[in-house]
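Next come two complexes, and both contain subunit A; in the first it sits with subunit B, in the second with subunit C.
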Partner chain A sequence: MQEHLIQQILMQALNGLVWGMIIALVAYGLSLIFGIMDVVNFAHGEFYMVGAYVGWFAIKYTHNFWLGLLVALAFVALAGILVEAFTLRPIRGRDPLYTLMAMFGLSIFTQQLILAIFGPLAKEVKEPLATKIPFFAFEYPLYRLIVVGIAFAIFIFFWLFLQKTKYGVWVRATMQDNVMASAMGIPVKLVYTLTFALGAGIAATSGVLVAPIFSVYQTMGLSIIVSAFIVVVIGGLGSLQGSVVAAILVAELQTLSSVWISPTYAKVFSFLALIFVLLFRPQGLFSISKRR
Partner chain B sequence: MGNRRFYIQLVVILGLFIVAPFVLTKYYRQFLTEILIWGLLAMSLDLILGYTGIVSFGHAALFGLGAYGAAMAIVKMKAGLWLAIACGMTTSVLFAISVGFLSIYVRGVYFTIITLVSAEIVHTIMLATPFFGGENGLNFQVPPINLGFVTFSLLNPTNFYYLVLFFFILSYLLCRRVTQSPVGKVFQAIKDNEERARAVGYDVRKYKIAAFVISGLFSGLSGALYTLLNRYANPDFLSFIISGEAVIWTLIGGMGTLYGPVLGTGIVMIIGDSLSSWIENYLIIIGLMFIVSVIFLPKGIVGTIKDRFFLRGRLNKDWKDGAA
Partner chain C sequence: MGKSTTMKSIMGIAPPVVQSGKIRFGDTEITHWHAYKVARLGIGYVPEDRRIFPLLTVQENLRIGLDVFGVAKEMKKSILERIYGYFPRLGQRLSQLGESLSGGEQQMLAIARAMVMDPRLILMDEPTEGLMPLLVEEIKEIIKVLKQNGTSVLLVEQSVAMALEVSDRVYVMDKGTIGFHGSPKAFQENETLMKELLGV
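And now, the complex of A and B:
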């Protein structure tokens, strides 16, 4: 009995890690967009969802999971550029309420469009690797561990990108002070567009990665967006490390507590964690100070 | 002068609303009732969004708790109509107080996220707890209107319409009174410049909590009326789609006018209703409409009309007077 419980806890801890990395990918894009553009991107979950659908569609025709992943990434990043150009750019500089509501409209639009195109039935994506590896007394799907690896690779790539490249300097400068950055000759508008596209692209990647673990359905964006918001706030705006740590924390809270209580209540647990963090550290655990 | 004009307008509009059921078919009577209920929700949101400058993305919780409070009172306590509505409003107010206190610690967009997350907490709890009916929600028999000497059945849609109209007009007058009172002026000062309002010596936090709680009171009322209309309470009442729609209605109608949000609600609902009979996926168009109206109608319908026909004329006149 005791042994069984420990096994279950270990299993859930691993699941929490996988789920945490999935959330972290969505949350980091959200956090970047939030930190740089001051946009509360309510439609970010939709990029994740559309990514999963496009991935499913591409995999169905190419029979190659990794190709599907790339197609989804490219498609959604392109969609991100269009969304930024046609909805966010005209309302730049207005109260964040307006961008929030425009993104809410986009969220309804996207969900209904996907529903109209693909129908209400959930889509299944096969795991690209069927291998299971032994882990203590049970077996764990190798694919899920690879997901964690890919997510880490994406984060390391991003970190190098932000620290070592010219564009990274632009992004960091814009995040600190967009007016000054603009005065220094940084093409702030381009930074906005590329940030939005990148954020959308990694959300889509996350959506494709998660597709074989859960299934693909229109409301999957809604089911992750609240967790992602929580992660953004707990982790601190625009902080990469913060997003990863907070995402794992939130996901572990959700998965581990579901050993003892129903998964629905487990969600409430992670929500309460946010409220506590906000009470004691309103700026988040790893906030980057932002000059205004 | 201005006041007399207002009362004349009020009487005319009230007259139209009173006559409406005699002209409308049963379907549209019910539809108008719904518009008034949702309009009440948008109006209550306007108190904080348009007057105090607080963005709540969790009004579904206040609405839904009003609904659940009323439904629970009827199911578990066999409460009458008035008690049920009072229970609904009390539940919302209690929730608004507790969320309002959290707002002391966080500001701006963080508060918006707090409202969203706390609404999701309530949604999840209602969904997962059998005591509150779980996924199926609560079904009940709606009690009659008891005025002491006569009783009316609420199964009759016309009676229900007049009940809602009564509460709607009463709420409108109360909200208007609040916005024109000294307290309401402080709310607007906070919206215009929070720092300055604080510097002048107002306890901004207290006023913000007060605004949130007053808004919660009326949201709870609209939730209670909605559950009575449908004769069930469902976790869907707490879905954040409702929170978002309430903000959109308020924006489209025009923030800071009280009647604008009601107008916005009506227009969006009428467009949705007429589209839905033509197109299956009419929500695609509604979503697009939201985006387009946010971009092109930042002041909402009422604000845009005012600008175009009243303010601009006056500004031009002032300018000409100045030039002369």
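And now, the complex of A and C:
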């Protein structure tokens, strides 16, 4: 009996890691966009969802999972550039409520558009590889571990970009003080556009990666955006480490507690963590101080 | 009143309050330009509250000015060497984060990173505010070096004494308009002004 419990805990711990990295990818994009542009992107879950749909479509016709992922990434990043240029830029500088409403509207519009194009039935995507790795007394899908690996690789890439390259310094400077960044000659408008596109792109990547695990449906963006927002608040705006650590924390809380209680109630724990952080460290665990 | 706003308007970072009139730099009209264009035109800015990037290192703060202009690697090195010569304390703290520097060091960094871009004009807004007399002297020296190198300096300064010491031309701003303007010598010969502003 004890043995069985330990197996369950181990399995859920692994699931938590996988789910955590999926959330982290979405949360980091959200965090970047808010940290750099002061935009609360309510439509961010839709980048994740559209990524999954475009991925499903591309995979169906190319019969190649990884190619489909790249297509989805490129498509959504491009869509991100268009959204930024035609929806966000015209209302920049006005009351933040405008941006909130605009993104919320975009979110509803996108869901309905996808519904109209693809219909209400969920789409299935097969795992690119069906191998299972023996893990203690059970077997764990290799694909899910690869998802974790890819997510970590993406974060390492971002970290290197931000810390070691000239454009990374521009992005960090813009995040800390966008007015002075501009006064130093940094093309801040361009930084905004590229950051938004990058954020959208990694959300889309996450959507394709999760597709074989949880399938593809119109409201998948809604279910992840809440967790993503919680992670952004707990982890701290703009912080890469914060997004990863907080996402794994939140996901593990959910999956581990579901060993004993129903998954619906398990979600309560992430809200409790949020309240705890807001009470004692409202700027988030790893916040990047920004001039506001 | 209005000194800082004037500087910010030149730099393109003030709220759009320029309702009439123009701002011209040489032959170029820059009235509604965005800040990054103004910077790339050759105008450097040292703001009133320093505003160095707190979570970038000293080196990264300085690097931005060089990277923006795509300067060649060897040139970058020599420019930085020259800057460390003027600001030895900064040279010793290259990998420290901006926010860990003292107030005086942050002011030096704010000036240094504007100098790195080798601008034709540097806007300095109250650079000596809150600094020890020793550091004020250092800043006076820097301004003199800048003038020697052919860089124009537009200085906003509360301390009339300091302004008279380093300037070639003086403008007195009162309630948003320019009153006296002329040489420091003319200023010192104007008894009414001296009494009003220096209590002499």
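One rule holds for everything that comes next: the second predicted complex is superposed on the first by the 292 of 292 C-alpha atoms of A that agree within 3 Å, B and C clash if a C-alpha of one lies under 4 Å from a C-alpha of the other, contacts with A are read in each partner's own complex, and residues count from 1 in each chain.
Throughout what follows, a residue touches a chain if its C-beta (ideal position, glycine included) is under 8 Å from a C-beta of that chain, and two chains touch if they have at least 3 such contacts.
Note that the structure is predicted; figures quoted are calculated from it, not measured.
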- Using the superposition on chain A described above, determine whether A:173 touches subunit B (first), subunit C (second), both, or neither. second
- Message: Going by the contact rule set out at the top, does A:278 touch subunit B (first), subunit C (second), both, or neither?
- Response: first
- After lining up the shared chain so the two structures overlap, which partner does A:267 touch, if you call subunit B first and subunit C second: first, second, both or neither? first
- Query: Should A:40 be classified as contacting the first partner (subunit B), the second (subunit C), both, or neither?
  - Reply: first
- Message: Can you tell me whether subunit B or subunit C touches more residues on subunit A?
- Response: B
- Query: First (subunit B), second (subunit C), both or neither: which does A:182 touch?
  - Reply: second
- For subunit A, give the residues common to its interface with subunit B and its interface with subunit C. none
- Using the touch definition up top, name the residues of subunit A that touch subunit C in the complex. 166, 169-170, 172-173, 176-177, 179-189, 288-289, 291
- Message: Looking at the complex, which residues from subunit B come into contact with subunit A?
- Response: 49, 55, 57, 102, 105-106, 108-110, 112-114, 116-118, 120-121, 124-125, 127-128, 240-241, 244, 247-248, 251, 280-281, 283-284, 286-291, 294-295, 298
- Could you please specify the touching residues of subunit C with respect to subunit A in the complex? 11-13, 34-36, 38-40, 45, 47, 51, 53-56, 60, 63-65, 67-69, 99, 113, 117
- Okay, in this complex, where on subunit A does subunit B touch? 34, 40, 42, 87, 90-91, 94, 96-98, 100-102, 104-113, 115-116, 226, 229-230, 233, 262, 264-265, 267-268, 271-272, 274-275, 278-279, 282
